[in-house]
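Below, chain A partners chain B and then partners chain C, in two separate complexes.
After this line comes the complex of A and B, so read on.
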């Protein structure tokens, strides 16, 4: 137990600014979990305000909330933390509406939050799994852009492997 | 809320992100369901970067030999040499093994456990079993491999496993 992110003695704070001007003060150790921020800090130093023009405050806040939770859970190196993280992740994605899920995924991807991207892409996959084509279109509000005969042709194309 | 929050076009999500979603789906979903949803999903799922990991482990036993070979062929060609992980439980013939080697430019992990064939099948469809000689023959083409699982392949012996110093078993 050598480190603790809850004490302020050695923790540096970064200021992140979202596209809508909302700012967040975050511990460097938490923010640099995001690959994009880590790169910016390494390249430009962490003295200045970090502007993130492609993420708005709502979704940046959610990404940072996830990072903080994981950072806190991981400060104790108990093996039970994996379970805690899993449980917390499950709760985190459970009630996300589709709109939030979409923008959160874009934000996590832009910020290179690999683990969060994995979590969110799995959530989307779980909404696809076991559904028929029409059900998927309905779920994601996608309109078919195939020509009438084309769709049937595509459906048949690879079905030989699973008959 | 800003206007852009109203728009969530799942068919217009960037291809790389869609590919990350599809990565979590079964091979069957990727081949028979996703391509029929819309043109952009179809395009993404056909991209070589969607074929970097192929897992037909677990249920490959249910395929007939020709079907499995044909499926492998299709997937390997589409991977355009980007394939880095391949799992096929119960590989039936040396032709399939050789096919894998032909497309193994980037292959790092190869799992072909339980790849054995019974004598009767050997006589019917393949002149030889997946045996030492064929592994020796293709080993130079598997130079990027760092993980090889040939557990329970009863016809593969020690000489075939001396593929190179980097391969772990």
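After this line comes the complex of A and C, so read on.
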């Protein structure tokens, strides 16, 4: 599975290689929206192939898709860019299942895609608002490590928060 | 299923409402210490400020209510803690100092939690000092600490919920420490407890309340036993001195409080229901009304010894010192002026 973007003579193309060997050909302007790649380009200069051993192809593809959309939207000088981005972001995260969301978030974090991390953490936050403690443990795969009675004590302290 | 790294969890949690976070303290120990930690608290607040989230309008009448600024849907009553300030005053003979004790006790309306902050003012040093928190729940919110044997006394319970099992706690004005006072062995423990002082001895009132549903407010007492601790701190020295029973002569009451022995020493003056005075004859065991003109309808009565002791001595000293300093300043200014004038002349 590989993806390429429309090229112009002036933009440089980078090859990004995911952990599972899948490669992506991306415009430099798009890829450098990711802080990690921007650093690598600046440090390593002429290197055109960048290996990313901590992200697999599926999630790298999704991250790049988001970068491309934002890069394209931002080249248009319309006033409504922000609105378009917001609308598109909403669509982007709308139907993500929890597992995909978590992997995507970790990929974005690893690649230092600050804006995307922001978008995805906000999405997770919106999913865990107003939940029961047990639901949170389930969502984050956490086992309670309280001794008997300790949890009760903590609940008592802020009993209004459980109403 | 993926497990998110801790940094991302922190980033997610700082976006949540306070109510959720207080609930999620129960998720696990690491979550609890994260949410309680000063770093997270700062992060959460700055996120709220940046994004204008967690913001509402506080409405105040006799209660406090909260309206979410973005929902603007309903005003929710806040369960603010109730608080009381209680004072006590007495003499510390070792340090020759008069001390004022100020106790602020806050407790939640629904929960069993409470906090008490205690400060002591020393007349000698003219300073306030915070001492260790009062670890008991005050059963009565009005009235002062009862002074006996250089200690202030209050009726307390361990928690608001254990209000039934009351005991007496003393604050020692010399050591500034709390201690429990031993109680006598009662035959019938079903009474309302209060403390008072009679000629320097700590007294305990056991008010046995009538079960009669017909008994109106202010007339519920069946009888009041008055115990005196003749030797302070010694459990065996508690003596049941007398019992006041409602009668035709004095009428019914909700409570009586002993104030003092009358001159002859065989009569005790008591405040009856916070309204009038009665005297109790220890010989004949009879109570009668004491008519004093000009007594207000509702009163709290305290025994007071007239003296020349001035609490403001230290204040006066300070104001005198301050006076000196301002005078000095004025003198300096005058001297400086003079110097300027004289140097002007030289030129």
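Methods note: the second predicted complex is superposed on the first by the 141 of 163 C-alpha atoms of A that agree within 3 Å, B and C clash if a C-alpha of one lies under 4 Å from a C-alpha of the other, contacts with A are read in each partner's own complex, and residues count from 1 in each chain.
Note that a contact is a pair of C-beta atoms (placed from the backbone, for glycine too) under 8 Å apart; a residue touches a chain by one contact, two chains touch by 3 or more.
Given the structure is predicted, the values throughout are model-derived calculations rather than measurements.
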Message: Quick check on the superposed pair: does A:20 touch chain B, chain C, both, or neither? Answer first, second, both or neither.
response: first
Message: By the touch definition at the top of the document, which applies to A:56: first (chain B), second (chain C), both, or neither?
response: first
- prompt: Does chain B (first) or chain C (second) touch A:133, or do both, or does neither?
  reply: both
Query: In the superposed arrangement, which partner chain does A:103 touch: chain B (first), chain C (second), both, or neither?
result: both
- request: With the two complexes superposed on chain A, say which partner A:160 touches: chain B (first), chain C (second), both, or neither.
  value: both
Message: Counting contacts the way the document defines them, which residues of chain A are shared by the two interfaces, the one with chain B and the one with chain C?
response: 98-99, 102-103, 105-106, 109, 117, 121-122, 124-125, 128-129, 131-133, 136-137, 140-146, 151, 154-155, 157-162
Task: Going by the contact rule at the top, pick out the chain B residues touching chain A in the complex.
output: 1-2, 5-6, 8, 10-11, 13-14, 16-17, 20-26, 28-29, 31-39, 41-42, 63, 67, 70-71, 74
Field: chain C - residues contacting chain A, complex
entry: 1-5, 7-9, 11-13, 15-17, 19-20, 22-32, 79, 110-113
Message: Please output the residues of chain A touching chain C within their complex, sorted ascending.
response: 98-99, 102-103, 105-106, 109, 117, 121-122, 124-125, 128-133, 136-137, 140-146, 151, 154-162
Query: Which residues of chain A touch chain B in their complex?
result: 20, 56, 58, 98-99, 102-103, 105-106, 109, 117-118, 121-122, 124-126, 128-129, 131-133, 136-137, 140-146, 151, 154-155, 157-162
